[in-house]
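By written order: A, B, C and D. Residues from 1 in each chain.
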Amino acid sequence: MSQGESAAHLAERVLALAGGATGVAGIEVTLAEPGRVHLAISRRDDLLQFRGYFHGGVISGLADLAGGGAVTTMLPPGRAVVTISLHVNFLAPAKGERLVAQGSVVKVGATVGVASVDLFTQEAAGEHLCATATVTYRVVGAA
Amino acid sequence: MSQGESAAHLAERVLALAGGATGVAGIEVTLAEPGRVHLAISRRDDLLQFRGYFHGGVISGLADLAGGGAVTTMLPPGRAVVTISLHVNFLAPAKGERLVAQGSVVKVGATVGVASVDLFTQEAAGEHLCATATVTYRVVGAA
Amino acid sequence: MSQGESAAHLAERVLALAGGATGVAGIEVTLAEPGRVHLAISRRDDLLQFRGYFHGGVISGLADLAGGGAVTTMLPPGRAVVTISLHVNFLAPAKGERLVAQGSVVKVGATVGVASVDLFTQEAAGEHLCATATVTYRVVGAA
Amino acid sequence: MSQGESAAHLAERVLALAGGATGVAGIEVTLAEPGRVHLAISRRDDLLQFRGYFHGGVISGLADLAGGGAVTTMLPPGRAVVTISLHVNFLAPAKGERLVAQGSVVKVGATVGVASVDLFTQEAAGEHLCATATVTYRVVGAA
């Protein structure tokens, strides 16, 4: 299998984790390689809270997907993940044109996987860390 | 101030925490009293993940709002909350017609507030606990 | 099996989770019934931090044991728990003569269990909530 | 102020966070520089749980201190930290001769600081990651 095919396959698995919610949300997979998945989403009114920043639920959801994607890339075919717990630290207002979640695997075992995720906002002036997350998953058979 | 006015006022503050994201999402305030806020949202395709359950980001976002609402009810006028950290345990598939978040205050201090939130799904067959959350907020001046 | 025997058996299982650390620490099981375990420990210099309050590590360790005890009471014989993740909110200085951890089960599944724990300090003047914890465990075969 | 004096000063501040508990425990500061503090503790019976691994409370307490130390190095004189919340993921049995906690600052603001901590066990055969933690602190005036 070529590198290219592999990356495409991984990205597909990641997107398969998402459904209506993320389809609507317009999430892009900007990196998918063994142990790491980066996702991005552009600013849009329905993703913002009352101050005009990306909403906590959007940040949490993107973290969950990026972490789950990263763990999934380390699983054998036919295995998927279900989130056990999600811990997010909000560090700065999520103000920007684009929200990026960079997930990487901390550990994958037979039944439990853990990922850490850094979340950035991007705007003309640069990139800012707005949140970090640690997500714990249970490894299950894919539906 | 009458009980009725007070409850209406509290609910308003809670909804003010939300913006585009929650306006779109159609969140209802079903209870708002000192120390407790209950929110509910009905099933809709754009809130679901690939198995047809409420998405983790939706659960996390609703928990954040219900907990923040509960803490806000204990603050003096002119004070609001910003989320510091969110911890969610996903306990069962969030399968149902309606997702309910019941937030209650654990502690409110001068600079930090903590809420716990129980999340249920409702369907004809009954109600199921699908997640619990603990959310930590910083108390700030309202914008 | 009588209630009394059962409670004694449960307490034994809980104490079996502990080893040198908790033996030294002098932890008492004050309640052990299906789904709930309460533990207590008396103030002693080596359990305190620089301000004379119970140390965060002591609070965390007691929360871990009380939650693990509570989950263990719901398991069939021959099953035990290993901690996956521990989330503690420190709410007030843990100042007092005695530290009490009240663990109760949130959910026990085939592979994962979750407990919530309230931690109090006790002194002549009364009892104060000093921390709450949510602890997630993996269910495994007992050694 | 020379590099050497500065490092010594930082290490002193970190140790000042600890009291009876950590004095007894024999914690060493192996690195203290702006934004990072590494602590280590050697295996001893009273630090172990029933399988002979470092106890969860010991891991949590060391994480708390290493993270708090790291944040403290970024504060102006006269400021200290109090732990708001502690989130630990236990990744592997903490089996070894020595437990090491490597804390680094994620963000320090005027009122809140966040650190991440990697915890390793060391033995003849090498070093293993046994836990990761994210710790959130409130910045306060030093006593």
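One rule holds in what follows: contacts are C-beta pairs under 8 Å (C-beta built on N, C-alpha and C of every residue); 3 or more make two chains touch, one makes a residue touch a chain.
From a predicted model like this one, the values you see are computed outputs, not experimental measurements.
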Maximum centroid distance from chain B, chain identifier (CA atoms): D
Whole-Å separation of chain centres (CA-atom averages), chain A against chain D: 29
Between chain A and chain B, centroid-to-centroid distance (C-alpha), Å: 23
Centroid distance [mean C-alpha coordinates] between chain D and chain B, Å: 34
For chain D, residues that touch 2 or more chains besides their own: 84-85, 87, 89, 136
Pairwise touch network: line, ring, star, complete, or other: complete
List of chain A residues in touch with chain B within their complex: 16-24, 45-52, 55-58, 60-62, 64-65, 82-90, 143
Residues of chain A defined as touching chain D within the complex: 87, 89, 91-92, 106-107, 114, 116, 129, 132, 134, 136
Complex contacts: residues of chain A adjacent to chain C: 84-85, 87, 111-112, 136, 138
